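Next up, some structures in structure tokens.
Two complexes, one shared chain (chain A), two partners (chain B, chain C).
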Partner chain A sequence: MKRRTKTAAAAVLMIAFTFLVLFLFQALLVPKYMSGVREGALIQEYYRETTKHDVIFIGDCEVYENISPVTLWEEYGITSYIRGSAQQLVWQSYYLLEETLKYEKPDVVVFNVLSMKYNEPQNEAYNRMTLDGMKWSSSKAQSVKVSMTGDENFASYVFPLLRFHSRWSELTKEDFRYMFSRDTVSHNGYLMQVGTKPVTTMPKTEILDNYSFGENAWQYLEKITDICRENGIKLVLMKAPTIYPVWYEQWEKQIEEYADKNDLLYYNFLETMDEAGIDLTTDTYDAGLHLNVEGAEKLSKYFGKILVQECGLSDNRKDEALSEVWREKICAYEAEKEQKYRESEQSGNNQKG
Partner chain B sequence: MLFTSLEFILFILGVFVLYYIVPKRFQWKLLLIANVFFYACAGIGGMVFMGVTIVTSYAATVCMDRLQKKADNCIQSQKGIWTKEERKAYKKQVKKRKRNILLDCLFINIGILAILKYTNFAIANINGIAAAFTGNGVLAYTDFVLPLGISFYTFQTMGYVIDVYRGKAEAERNIFKMALFVSFFPQLIQGPISRFGELKETLYKEHNFVFKNVLFGVERILWGYFKKLVIADRILVAVNTIIGQPSEYYGFYVFLGMIFYAVELYADFTGGIDITIGIAQVLGINLTENFERPYFSKSIAEYWRRWHITMGAWFRDYIYYPMSASVPVMKLSTFTRKHFGEAVGRRLPVYLVMFTVWFATGIWHGASWNFIVWGLLNCTVILISQECRPLYEKFHAKFPKLKDKCGYKCFQIIRTILLMSVLRLLDCYRNVPMTFCMFSTMFTRFNIGSVLGGGLLTLGITVYDYAVVGLGVMLLFMVSMLQRKGSVRERLYEKSVVVQYFAVLFLLVAIIIFGAYGIGYDANQFIYNQF
Partner chain C sequence: MKKYFAAVICIAAAFVFCSCAVGEAAGSSKNTGVQNGGYYFESGAGKIYINEEADTVLARLGEPSGGTYEAVSCAFEGKEIFYYYDGFTIQTYKKNGKKYIYTINLEDDTVKTAEGIKLGDSLTTVTDKYGTHYALSGDTYAYVKDNMKLTFIIQNDRVMSIKYWLITD
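Up next, the complex of A and B:
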């Protein structure tokens, strides 16, 4: 009996040690996204939030590079968070929202409609950036299932080591430094970019075979609408004021019809750029794909006003506890802005400077 | 289901657990269900052909067995009544009936294999000849899908049918047990080609969970995956680059490709066999060994006794021996001795039989001329070396101490590896004229400087990959050296549990970290699967 117990204990110990070793290798080998492609770090930062939010933004780079939650707070006292990620697909937005609702119930959800153009899983690297950062839940499992491209498998999401094992030959100091903890790279999901690269050419409008959004995309937009309705959340649709990639008239019409039919607010900021004061010769850092921090702040000021007026959001700045939290966020935001300006000036990128 | 896929690993884990949970009398039935599932994953169509092989072989063996038993009883009952001639005539009659059954069975099964595997090859040749005269091919190609492991299970089953015919094996009366023998999933992909008499000893037996067996099996499986994923699939990229772009990669690249392919093929094939034998061992089933450190062979003949042993033995037992002892060959032997003298006459029939066997070996590997030429060249090298034996003996008589010198042994080993590697170029390029052309560039287009001066890094693998393969090959070599003194696992088993655990952990971590699998690597089937 004693021997059997000893054997069992040894077996358990060995199995535990095996998992520990594999866990350590996994921690070392998974990408950290702390420099270079920082977009991969966005999704997991949400879990560090200690307060609830009035507004949750979901969508692709058109939200996480064009909206500044700090400006929304400073100007209107709106608390918000961007659950955005690179090339976030509609179903990923839906499952992120479903997961978010397990943590909090915002008054407003804003969904950027550019991703409606995708009806199929697109790219493994972008999937990883959206999905690996999510905590395990039924939402993540479902999102993985519907997002996988042909050469991916579910097990590699459960054990990312199976996907990233080959990174052993490209390890850097960053991988060792951030094995167990990561820095915060965003400001409530906003990825700050400075510098100016003005728009010099307008995008070529290629003729498409079919302008109708796909069935899958519609199905998940429908789901987003339903889940918001069920939870008494106001859903707002938006299209960011960036001219790349092309946003077709035909797409615009479909979204307008959908918004009308479902009694949703829809704002295409491409049409109100002048009103918002956005100038794509100064407010974009990559020639019209995304806004720089000045552009994002302008858009946030403009959008914040709409949110207050149309969605009845109240000013939270009088809340001491919240103000304390946001004071720290503002400090971090300003510090990064200052540092980035300095770096940009040094490298001569900021033509505005 | 690829052996290297996660699905397969989950599948075998499920089989292992269920195998030791179910009542022991159901173990073989569980394996049969597992076989059906495994085979169905490769396509339901293939199951039809395997079904035909199982049913026809079952019917043939049972009929032959019944016939033989009936004949034995009859002879017994007629003892003292029949004359010697009557008994002889009756035996002859029974043998003829058995032979007819055997031939029918062979005709059906070899026919299926031939039609599915060789129709397009035949059409290509007919079209080639027709094109030479008319400028156009005359026949359309077929799009038959080759069922998984058809060459292996057909050979294994036909071996069994012939054994029953010869009275060397008893016919299995339970068709489901017979089906299990034909379809045993670990060996379907690339062998080994088992003999019924040996396999049945453990295949149908009830097995207790024996820790040592399971541990040894798991160790062997891990070792197989290490060879396949860490070495073979990593060097494969370089091999494919060299073979795929002959206009760019010639001269010394061909030499490198040849050596890389030798490493890849060995790690791939022996790795697959390790996985197969390891799985069987976990289940308590003993499979025949298929390799005995073939790269330590000092001659081609020795190499073929140590490489793909079960295939060589199959060709020896079911083609070489029967052909050598057949009436036409005997008659030919008499004829040649009479007309060409003892020395030549004795050799000619043997050579003919050997060329036939090697032709069959070549075409078994693939339905194309490169494999046939490869087989015939192997035979030629073996025969030349046989014919040169007096010369060697003379040489060694002059230098008697040389044979035992380590340097000379190394020379013999390297010579064998190089010879085998050169012949395998036919397997690499899969085109006879192209192979000879590329081989000749090794001696006509010298580019060793550019290859070593950065060319190696244009082959699709990095310095790190070379380092991993290099270390992997060193480990392979060390293990092979240790194996010469006995089983490495037995020796490891004598060490403390901690040492054993760390050995297994090392292999597991090495496979997971350094294995060439997942996104960025193509899922590679084992090379021998295509044969």
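Up next, the complex of A and C:
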């Protein structure tokens, strides 16, 4: 009996040890996204939030580089979070929203429509940046299934070590430093950029074979609309004021018709740049692909007013507890802005922050 | 027991350090195999191949009359640059510090493919020159050769677009 107990204990110990070793290797080898490609760290930062939000933004870089939640708070007392990621596809936005609704019920969801141009899975590297950061849930599992490109497999999302075990030759100090915890790189999902690279040449528009959005993209936009409706959430569609990738008139027409048909608000900020005070000779850090922090603040001021007027959002700044939370966020935001301006000046590089 | 712990560590290390990776770590997926093959475009400055090093081509072509547009990737290092010349656009990508030709787009009927096709030509003219071994998707006729493709968008029996592409992973 005693011997049997000893054997069982040894087996348990051996299994636990095996898992511990694999866990440590995985923690070391997965990309950390703390410098360079910081976009990969965005999705998981949401889970650190301690308060709920009036507005949740979903979409690609057109939300996480162009909207400043801190400005929305400072100007209108709107609490918001951007669940954005690089080249976030429509089905990924849907499953992120579905997951978010397990944590909170915002008054408004804003979806940026550029990703409607994609009807199929695109690129593993971008998939990883959206999916690996999600906590495990049925939403993540579904999102992985519909996002995988031909060369990917589900098991590598469950055990990222299967995918990244060959990174051992690329390991840097960052991989050891952030094995068990990561810094926060965003401000409620907003990835700050400073510097100016003005638009001097407009990108040419290429002829497309077919301007109709694909069936799959429509299906998931429909699901976003439905889930918002079922939860009593106002869905707002937006197109950020950036000039590349080109937003075709034919695409605009389809979104306008969809918004009309479903009684949704839709704002194409390319058409209201002057009104918002956005100038692409000063308010972009990469020649019109994304706004710099000044541009994002201008757009947020403009959009925030619309959200208050059209969606009836109230000012939360009188709420002491919330104000305390946001005071800290503002401090971190201003500190990063100052640091980035300083670095930009020192390097004499006025391009990318 | 000690032997077991040592074995686990050795096996795990062997697995981790094994170089038979599923693929490269997350990153850009453009094909890096430089080539001078496939269909080429011929401008006044000579032949231009997809995925050939861009610097020499651009030097031959001179300053682009319509300027350039740099499209930085949303998350990855490197950028794609569009060079707007009279009648055509060259798009380059950067890999390991060097620029390569990614696409060539013919913008108007002042230029034509090396085989003589220009915007406005008919489908028959295209198939006469390139044959019928195209892959058809919607209105796009694609001819694949040596890791590149040449596509024609043909609507109402008129060539609306001509583009040379690098085939990416």
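Going forward, the second predicted complex is superposed on the first by the 350 of 353 C-alpha atoms of A that agree within 3 Å, B and C clash if a C-alpha of one lies under 4 Å from a C-alpha of the other, contacts with A are read in each partner's own complex, and residues count from 1 in each chain.
The definition used in the following text is that contacts are C-beta pairs under 8 Å (C-beta built on N, C-alpha and C of every residue); 3 or more make two chains touch, one makes a residue touch a chain.
The structure displayed is predicted, hence computed values, not measured ones.
Trainee: Tell me which partner A:Gln346 touches in the superposition: chain B (first), chain C (second), both or neither.
Mentor: neither
Trainee: Applying the document's definition of touch, where does A:Trp168 land relative to chain B and chain C: first, second, both, or neither?
Mentor: The answer is both, since A:Trp168 touches chain B and chain C.
Trainee: Where does A:Met14 make contact in the superposed view: on chain B (first), on chain C (second), on both, or on neither?
Mentor: Both partners, chain B and chain C.
Trainee: Just chain B (first), just chain C (second), both, or neither: which does A:Ala155 touch?
Mentor: A:Ala155 contacts chain B only, not chain C.
Trainee: Once the structures are superposed on A, label A:Phe25 by its partner contacts, choosing first (chain B), second (chain C), both or neither.
Mentor: Both partners.
Trainee: Which partner, once the models are overlaid, touches more of chain A's residues, chain C or chain B?
Mentor: Residues of chain A touched, chain B against chain C: more for C.
Trainee: After superposition on the shared chain, which partner residues are touched by A:Thr5: those of chain B (first), chain C (second), both, or neither?
Mentor: neither
Trainee: Per the contact definition in the header, classify A:Glu124: touching chain B only (first), chain C only (second), both, or neither.
Mentor: In the superposed model, A:Glu124 contacts both chain B and chain C.
Trainee: Can you give me the overlap between the chain B contact set and the chain C contact set on chain A?
Mentor: Residues common to the chain A contacts of chain C and of chain B are 10, 14, 17-18, 21-22, 25, 29, 124, 151, 156, 161-163, 165-166, 168, listed in rising order.
Trainee: Within the complex, which stretch of chain B touches chain A?
Mentor: My answer: residues 6, 462, 464-465, 497, 501, 505, 508-509, 512-521.
Trainee: Which chain C residues qualify as touching chain A in the complex?
Mentor: Touch residues, chain C against chain A: 1, 4-5, 8-9, 12, 15-29, 66-72, 74-77, 82, 84, 89, 105, 107, 137-140, 153, 160-161, 163.
Trainee: Contact residues on chain A for chain C in the complex?
Mentor: 10, 14, 17-18, 21-22, 25, 29, 31, 36-37, 39-40, 60-61, 86-87, 123-126, 128-129, 151, 156, 161-168, 170, 200-204, 206-210, 244-245, 286-287, 289, 352
Trainee: Sort out for me which residues of chain A touch chain B in the complex.
Mentor: So the residues of chain A touching chain B come out as 10, 14, 17-18, 21-22, 25, 29, 124, 151-153, 155-156, 161-163, 165-166, 168-169.
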